[in-house]
Amino acid sequence: MSKTSQQKISEMVEGLLGSYEEHPIICNIDSENQINRDVILEILDMLRWLIYPGYFEMRKLKSSSIEYHVGEILESVRYNLTKQVMKALYHDSKYQTEDADEAYAQAECIVTRFLYKLPKVREVLATDVQAAYDGDPAAFNTDEVIFSYPGVYAVSVNRIAHELYQMGVPLIPRMMTEHAHGLTGIDIHPGATIGEYFFIDHGTGVVVGETTTIGKNVKLYQGVTLGALSTRGGQGLRGMKRHPTIQDNVTVYSGASILGGETVIGEGAVIGSNAFVTASVPPHTRVSIKNPELQFKDRSRTAELGQEGFFNRKERD
Amino acid sequence: MSKTSQQKISEMVEGLLGSYEEHPIICNIDSENQINRDVILEILDMLRWLIYPGYFEMRKLKSSSIEYHVGEILESVRYNLTKQVMKALYHDSKYQTEDADEAYAQAECIVTRFLYKLPKVREVLATDVQAAYDGDPAAFNTDEVIFSYPGVYAVSVNRIAHELYQMGVPLIPRMMTEHAHGLTGIDIHPGATIGEYFFIDHGTGVVVGETTTIGKNVKLYQGVTLGALSTRGGQGLRGMKRHPTIQDNVTVYSGASILGGETVIGEGAVIGSNAFVTASVPPHTRVSIKNPELQFKDRSRTAELGQEGFFNRKERD
Amino acid sequence: MSKTSQQKISEMVEGLLGSYEEHPIICNIDSENQINRDVILEILDMLRWLIYPGYFEMRKLKSSSIEYHVGEILESVRYNLTKQVMKALYHDSKYQTEDADEAYAQAECIVTRFLYKLPKVREVLATDVQAAYDGDPAAFNTDEVIFSYPGVYAVSVNRIAHELYQMGVPLIPRMMTEHAHGLTGIDIHPGATIGEYFFIDHGTGVVVGETTTIGKNVKLYQGVTLGALSTRGGQGLRGMKRHPTIQDNVTVYSGASILGGETVIGEGAVIGSNAFVTASVPPHTRVSIKNPELQFKDRSRTAELGQEGFFNRKERD
């Protein structure tokens, strides 16, 4: 006799409940303080509003009412972010405490310091927008840069997340930067330290590691990695300087990789496309690869389009 | 006499209706069974809830009520997924039948088998989360990995979609993985077979083709392609093994390409950044490219920043 | 005596208002004509509906009511797009005028011309869908291509945005293509001119610059850049042909870069993976790089997995 639908569902539920017990590593039941990712993303939108007022709303933003709007949004960010930071501190076993009031007080203190820093964050982002406009002949005006440029969005999120990261907030900064990574293809760890007038053009595939330091007026193109030489040490490497230092006025062209915590790219250096750099470069140096020689072959009498021909492999069909 | 607005709209409508008849290939009018992409994405969210309970919700999930919640969500997945799978089977001309009951019965059978497999899927995903934490010094804890890591999201979706793909469900698995591709930049075809403890770090630009086989404890970095040597055979190549086999304990560093259905990367091999591999590699082998020699040029007395200098091209301005 | 919460909020508001005055470049208060990004994205969805009728909706679309639906959506696109284009024209200082009626009339004219072109846009997109299906052995059918392929989505948005770009609409075309860039990792500037039967496979990391010209039946793979040789001229280069010309029947494999406004890739040429091309290529030519020689090293007696070994660096731990 075959099972009824209800019996099957019961068995499935039982199977999953058993699995929850067996694999607690991916199970968060009865967790006291659950960070809410959707709330974090709303906070990020409100912070963008505060930083770029008037760009992302339905109606004209008037100077006569701006003070009221700013106050209201600040208040909302403060309330919601404090709650989430408290949960993140609780969530992090290092801070776990029985005293909810103490955790809340600490979160309040962090969020206050953070909000006082917003004008400073804006000041630096204004330089980033200017750098994007100056550096890209396709940019129509600075408004287009703010509306549309993924590099500007990614660095805006990074500068916000970096402040929280530096104040020791767990989990939340990375949620923010991974959200930006998802939207832009630009993966900047919140730990990375970045100077003013920073511009990433196109951006898809860019990776900037946790302990990277970047000076002023630096420009990166799509597919650039500022990474670790190795992560095989895994968690044993936590906290070590694993990623490079990029000094002022450096340009890194598309697809280049610069790896290693001891690697310093000196002031004013230019790293060419696809270069693979694992040692320091002196200031004012152009580093380029001798591009792999191109081979040309006349294919006018053949019909094939495949890539096999490049490797002298036998044809497949 | 100029046309009225209404006349113009009428002409535009007429133009489009004519175009619908002329190009039916991108027209789906009167199609009996329309898969709904939004419903598929809701189902994906519910499956994520079942797999990672307590991570993605507003309130604390309590063990006292967990059974009730799991039952409710399972029921909803079953109902909605069955309807969509039925439509997908109808949609696929190979299964088209006049008998809606038969198609529904087949969909019910597939979805039941699929849901019974969820604990097995969870078991493997628990190993993936562990591998991500172990392999990345920047990972704060396993919760951060689950909340934020694009590689974990992409492989979660792949493991779900792969089950449906193996049961012969058309269209839906690819909708799922392309959604993950959009969010993460990681393009894993639902046909790819992947062993446990799989980790993709950063991930943007990763491509894993339909007939790829990956062993246990494999780690990929951003920009890695596990691809076909050629697709010039187009639809004539359908079903053939076109993508490589990666054995256990292999690491593939950023930007490397491994191509071809006969290519086997042996157990414990390590493939270096940007390597371009089109033939098999023995076990326990390090494959690296002799990196293109770097050329250094002092530019301290020049002001230019352009890339032309690298190629000895005349300056443009 | 410590400050009250209200005092702190007041200080924060004051700080931000001061910052708004100090950095007007990222401030849009009192701006008369504010383009709304959300409305632009809704318009894009409606245009997708008109181009691919029946694919992206909840219910079956019936031929008996199609005329009514098309008329309604066209009307909505016309109304909303006209308003946004008017704002974009105002927003652009070159067009700024006291006469709102004049700006509106100009916007109306542009949008009407644009909507009359939709059947033409559909005609070309039908060829793109066909090319995607023909070119990819993993494609199940053309519906899957329309539902799921990021390359098809990106080129659909590009063909829409390109029409508006050519009619001189500021800001809006780029908002559209950057939205597609975010969803797909494919960055096609709305200025790029692209022939029929165009296919981008996988697509993450593709960059196609503003002044690129692409012929018919061209195929690009993931990570391909059709870019400028240098942008160091910044805004001084605006309007110049900075990006390459790709003639008919060209295939460009993954990771290749083709740079420069004078670079012409001749008809029927094939550019191999990772090639870096900065000069013209004759028709019917295969260009490949002599792939960097692979080096093999037996690591069976060592336990390390790191990348350092490739560069003879001392181990770190």
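Which chain is which? They are A, B and C, in the order written, and residues in each are numbered from 1.
The criterion applied here is as follows: a contact is a pair of C-beta atoms (placed from the backbone, for glycine too) under 8 Å apart; a residue touches a chain by one contact, two chains touch by 3 or more.
These figures come from a predicted structure and were not determined experimentally.
Visitor: On C-alpha atoms alone, could you tell me the rotation angle mapping subunit B onto subunit C? Nearest 5 degrees is fine.
Guide: 120
Visitor: Taking all residue numbers used at the subunit A/subunit B interface, answer same if over half belong to both copies and different if under half do.
Guide: different
Visitor: Suppose each chain is reduced to the average of its Cα coordinates; what separation in Å results between subunit A and subunit B?
Guide: Distance between chain centres: 21 Å.
Visitor: Hey, what residues on subunit A touch two or more of the other chains?
Guide: As it turns out, subunit A has residues touching two or more other chains at 185, 204-205, 223, 231, 233, 236-237, 255, 273-274, 291-292, 305, 307.
Visitor: Which of the residues in subunit B end up touching subunit A in this complex?
Guide: Where subunit B meets subunit A, its residues are 50-63, 66-67, 70-71, 74-75, 78, 112, 115-116, 118-119, 122-123, 125-126, 129-130, 133-144, 146-150, 183-185, 201-202, 204-205, 222-223, 229-233, 236-237, 254-255, 259-260, 273-274, 278, 291-300, 305, 307, 309-310.
Visitor: For a test of understanding, state which residues of subunit A touch subunit B in their complex under the given definition.
Guide: Touch list, subunit A to subunit B: 8-13, 15-20, 22-23, 25-32, 34-38, 91-92, 170-171, 174-175, 178, 181-182, 185, 187, 189, 191, 204-207, 209-210, 223, 225, 227-228, 231, 233-238, 240, 242, 251, 253, 255, 257, 268, 270, 272-277, 281-292, 304-308, 311, 313, 316-317.
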